[in-house]
Amino acid sequence: MQLGLVGLGKMGFNMRERLREGEHEVIGYDPRPEVTDVPDLEGLAAALTAPRVVWVMVPSGEVTNTTIVGLSKVLGTGDLVIDGGNSRYSEDSPHAALLAEKGIGFIDAGVSGGIWGLTEGYGLMVGGSDDDVAKVMPIFDTLRPPGPREDGFVHAGPVGAGHFAKMVHNGVEYAMMTAYGEGYELLAAEDLIKSPQAVYQAWSNGTVVRSWLQQLLAKALKEDPQLAEIKGYTEDSGEGRWTVEEAIRLRVPVPGIAASLFARFLSRQEDSPTMKAVAALRNQFGGHAVQRISESG
Amino acid sequence: MQLGLVGLGKMGFNMRERLREGEHEVIGYDPRPEVTDVPDLEGLAAALTAPRVVWVMVPSGEVTNTTIVGLSKVLGTGDLVIDGGNSRYSEDSPHAALLAEKGIGFIDAGVSGGIWGLTEGYGLMVGGSDDDVAKVMPIFDTLRPPGPREDGFVHAGPVGAGHFAKMVHNGVEYAMMTAYGEGYELLAAEDLIKSPQAVYQAWSNGTVVRSWLQQLLAKALKEDPQLAEIKGYTEDSGEGRWTVEEAIRLRVPVPGIAASLFARFLSRQEDSPTMKAVAALRNQFGGHAVQRISESG
Amino acid sequence: MQLGLVGLGKMGFNMRERLREGEHEVIGYDPRPEVTDVPDLEGLAAALTAPRVVWVMVPSGEVTNTTIVGLSKVLGTGDLVIDGGNSRYSEDSPHAALLAEKGIGFIDAGVSGGIWGLTEGYGLMVGGSDDDVAKVMPIFDTLRPPGPREDGFVHAGPVGAGHFAKMVHNGVEYAMMTAYGEGYELLAAEDLIKSPQAVYQAWSNGTVVRSWLQQLLAKALKEDPQLAEIKGYTEDSGEGRWTVEEAIRLRVPVPGIAASLFARFLSRQEDSPTMKAVAALRNQFGGHAVQRISESG
Amino acid sequence: MQLGLVGLGKMGFNMRERLREGEHEVIGYDPRPEVTDVPDLEGLAAALTAPRVVWVMVPSGEVTNTTIVGLSKVLGTGDLVIDGGNSRYSEDSPHAALLAEKGIGFIDAGVSGGIWGLTEGYGLMVGGSDDDVAKVMPIFDTLRPPGPREDGFVHAGPVGAGHFAKMVHNGVEYAMMTAYGEGYELLAAEDLIKSPQAVYQAWSNGTVVRSWLQQLLAKALKEDPQLAEIKGYTEDSGEGRWTVEEAIRLRVPVPGIAASLFARFLSRQEDSPTMKAVAALRNQFGGHAVQRISESG
């Protein structure tokens, strides 16, 4: 089928590729002239045959918001917008309402898979009405991995459900990565273990902890067995923070996910103010020596 | 090759099956007459041709210890004992030393895979000398899953390394299970999500969080979508506790694994003494109402 | 000085008492006729001499909001409103802006001390302009405990700073209560310890952990040595949740406070969905028995 | 009364001072000639009148063990040894048994108070028989702070109970310090707050979180308002580790104390291997840039 695609960055570019290989007609728009198929959103609307379907794949927050406002001006009744970016699920309802004023439908689609999606397919979690989802199903079927549809695609619920499911996916991802990280650190700390890499490799078949992330860590350790070239500094893109915030709203205890989020915050601090206070306290009551900046500088 | 196998419980029984299908000659001993091949350890030793290899697959702790002491009395120079149970790695050196006095070799083998190992193969992590491990390799190759040896088997280091790697495996397993559990609870708490089961199912292909455990949870949720029939009460078999204890010894921070362990402890309490104290404190300073046992009983 | 006081509940009633003992003229308003001094907010405004000062001590959220909107209609230029309730700090700026349109000043005041404040004085953390704070200082000086002003009162910064400081106070309070709760549970679990109460009592002098909360727990344990009459069920009033949310906004790792918050959530669950999922997983891969509801019911 | 005191370090030296001020006759032994009163343990035994009482105040572990073995050789029936150091409680029973062979009694005494004990008195938690504790009560009464005995002293139970109670005290201390540290970090991160020091100072009276540690942190922040001169690097002396280990043995969930312990481990790492693994994983699946050592060096 025909699809407009706004945003041809790392993710969008690959998705256009995969969709074209799947015999879809994709007209892409991106502000960068070297990748775009049309000059602007008006051009995109003009190039598509109504009822139009436009997939938005741009950074969450302000850029997504501006794009959807822009599309609300160039699209019309019967058209459909899909937000495939990492928007917070609570932004979906306002976007859907804005578009509904013009008779435009809305679907939120959480997309997992990163740079591997081009060849392996993307895991998809979508929210919206049954009718809207049905319209886009040929696109979803090409983007998702081959195999049974329900193994790589879910219509999770009404508008917002797709991004909520994707947010939880990322929260779980945070905690799994911490789990494997702690396992690696334990193996690396124990002299008996010849090669943490070999242990991680051997978890690939038959074990309870085998997974795609486990294999990726085995691969990363093969390339750099002591991770000597990699700093622990770790960004977070939002979903982990949102997961803990939503957990608080829903009164769901998430010690594992929260510990993973806090570990990321900590990884970006040069020194921990909390631990400076603890060191100061020990010094006050116990006369314990503290490491002073001036001594070590 | 020929193998003696002590312990024909849930694990040992299946392993004998898999090994016999792999054309090995397995002579099993178990105190239960209906499953055993020989009447006792003496009978086992007599039935095996020297140099004998005996795999011990009995509960860790006292039973494993008694079995190894028993084997030290009926085996002799050049024989080899493999402890395939969930022993704490620190018990391996004493066991190896005890057997070495009689010229008997020792290998510790961590075995993962549970009830699925019979058909899919077992993940194996072993510790011992190169020579001893080489002697048993035909057995390991039959027990492990098909495919490249390094994907389902690791000679992790000297005696103790196998059980240490298996212990870490189980610590990681604890944290992964908590991660998936938290994800399930979040999905179940949010009204937008029609079916947490469908979301978990859809994570099977293309997503970052796909894994064997993820698929098992999707399966469990298919059988009982709200886990209505299952209590949160969760035992721990030792490895999680040992992992945190070893982390403390090695000064490795393991917030994810520790949170998982504590969640299990908590799941077995009728009421939390910690939270009783917190409730009592709130009542003391704030006049906050507490729920009294006598009112609710 | 003269003060209007809106809200004569548990906190407001006691504050009126303490202020009157301090020779201030307090005119209180409350919807309950049996405690109010005036019939409504108009009556309150009429009874006060301009420039009027009105202290709001009502539940945070909707009630505080309605009250401040109401006061913006009956007060005028040069008057001053103090929000002494447990409002989220982010609500202070909108309230200040609303009142500023009418020339009315605003101070946010975090008040600690609970039911003990009447006799011991209240710990006060306030936000606002220097001029506004100076106007109310006689009231603050009567409400706060005797002794040096800086030991029981802080002008923490501009509007919002008072409630922010109070929110952090409550986050720290959560974590301290958990600390004492864990200590109690450990003492109660160890047979060597004759009386956890006696140990908590003995921490009152000379130890590093002595505090007001420690003494309250010793008192609570004296009344009910095994807390047999108290359930662990624990509400949270908002500040703990907000503290973790603000920590996420500020990228501050708060594992201690978050653990305390999650423990409260958990204390209100009949069974943990997370642990039901973990139990289901163990059953799936290990054939571990689960406790089924139907068996135990 | 008369007391032998082995170990005249930071703690022992001050205790000798406080006891002598309390009119006790203290004969101290220390390997350092400049502080000792007698040349060796034999000299100490000879200088004391039977039945002798000897207080051991030396580093826990090997030194304490050697000292107690040494005392078992120079003391005799009816004498009494008190271990006032930070020994692990599980070492007390073996020490008591060793001494009992010679008819020598044993008391374990947990001592809190640090450098402040000299002037304010020491918080004491002791374990032993009623008879033995009664013999030493005049010493305990001088060492403990003035006021009711039960507020600064507890006979917590049989041998081991004193050190167990002290260990829990230190575990609680860890979690309280983390609580105050997190509160400080939050206040310091929020621009609205003019001075975290002033807020901590203002918590001294009337608030729920007031405590000795709170006042010490206010003091430390007065000396160095941004803790600019202090590194977060924090040692742990053993009790925190033991508390978590005992919690695991007793199946007591201690998320607050464990988080505090792990924060200390982390504070001593240059980079976190766990977070290196997490960063490596993000790079693998998402093409997320990692900070490479070689780039930043």
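Residue numbering begins at 1 within each chain, and the chains themselves are lettered A, B, C and D in the order written.
Here is the rule we use: contacts are C-beta pairs under 8 Å (C-beta built on N, C-alpha and C of every residue); 3 or more make two chains touch, one makes a residue touch a chain.
As the structure is a computational prediction, the values presented were derived from the model and not from experiment.
Undergrad: Spelling it out: a chain qualifies if it touches chain C and also touches chain D; which chains qualify?
TA: Both chain C and chain D are touched by A, B, going by the contact rule given at the top.
Undergrad: Looking at chain pairs A-D and B-D, which one is connected by more C-beta pairs in contact?
TA: Pair with the higher count of C-beta contacts: A-D.
Undergrad: Sort the other chains by how far their Cα centres are from that of chain D and give me the top one.
TA: The chain farthest from chain D, judged by C-alpha centres, is A.
Undergrad: Same residues or different residues where chain B meets chain C? The copies count as same if more than half of the interface numbers are shared.
TA: Same residues, largely: of all residue numbers at this interface, over half are found in both copies.
Undergrad: Could you work out how far the Cα centre of chain B sits from that of chain D, in whole Å?
TA: Centre separation, chain B to chain D: 37 Å.
Undergrad: How many angstrom between the C-alpha centroids of chain D and chain A?
TA: Taking the average C-alpha coordinate of chain A and of chain D, the gap between them is 46 Å.
Undergrad: Can you pull out the residues of chain C that are in contact with at least two other chains?
TA: Counting only residues that touch two or more other chains, chain C contributes 114, 178, 180, 182, 185, 189, 208, 212-213, 251-255, 259, 262-263, 266, 272-274, 285.
Undergrad: Over in the complex, which chain B residues touch chain C? Could you list them?
TA: Residues of chain B touching chain C: 10, 114-116, 177-178, 180-182, 184-185, 188-189, 212-213, 216-217, 219-221, 224, 227-235, 255, 263-264, 266-267, 271-288, 290-294, 296.
Undergrad: Spell out the part of chain A that touches chain B in their complex, as residue ranges.
TA: For this pair, the touching residues of chain A are 89, 112-114, 117, 120-125, 127, 144-145, 147, 150-158, 160-161, 164-165, 168-173, 175-176, 178-180, 182-183, 185-187, 189-190, 192-195, 198-199, 201-214, 243, 246-247, 250-257, 259-260, 262-263.
Undergrad: Within their complex, state which residues of chain A touch chain C.
TA: My answer: residues 208, 241, 244-245, 248, 251-255, 258-259, 261-263, 265-266, 268, 272-274, 285.
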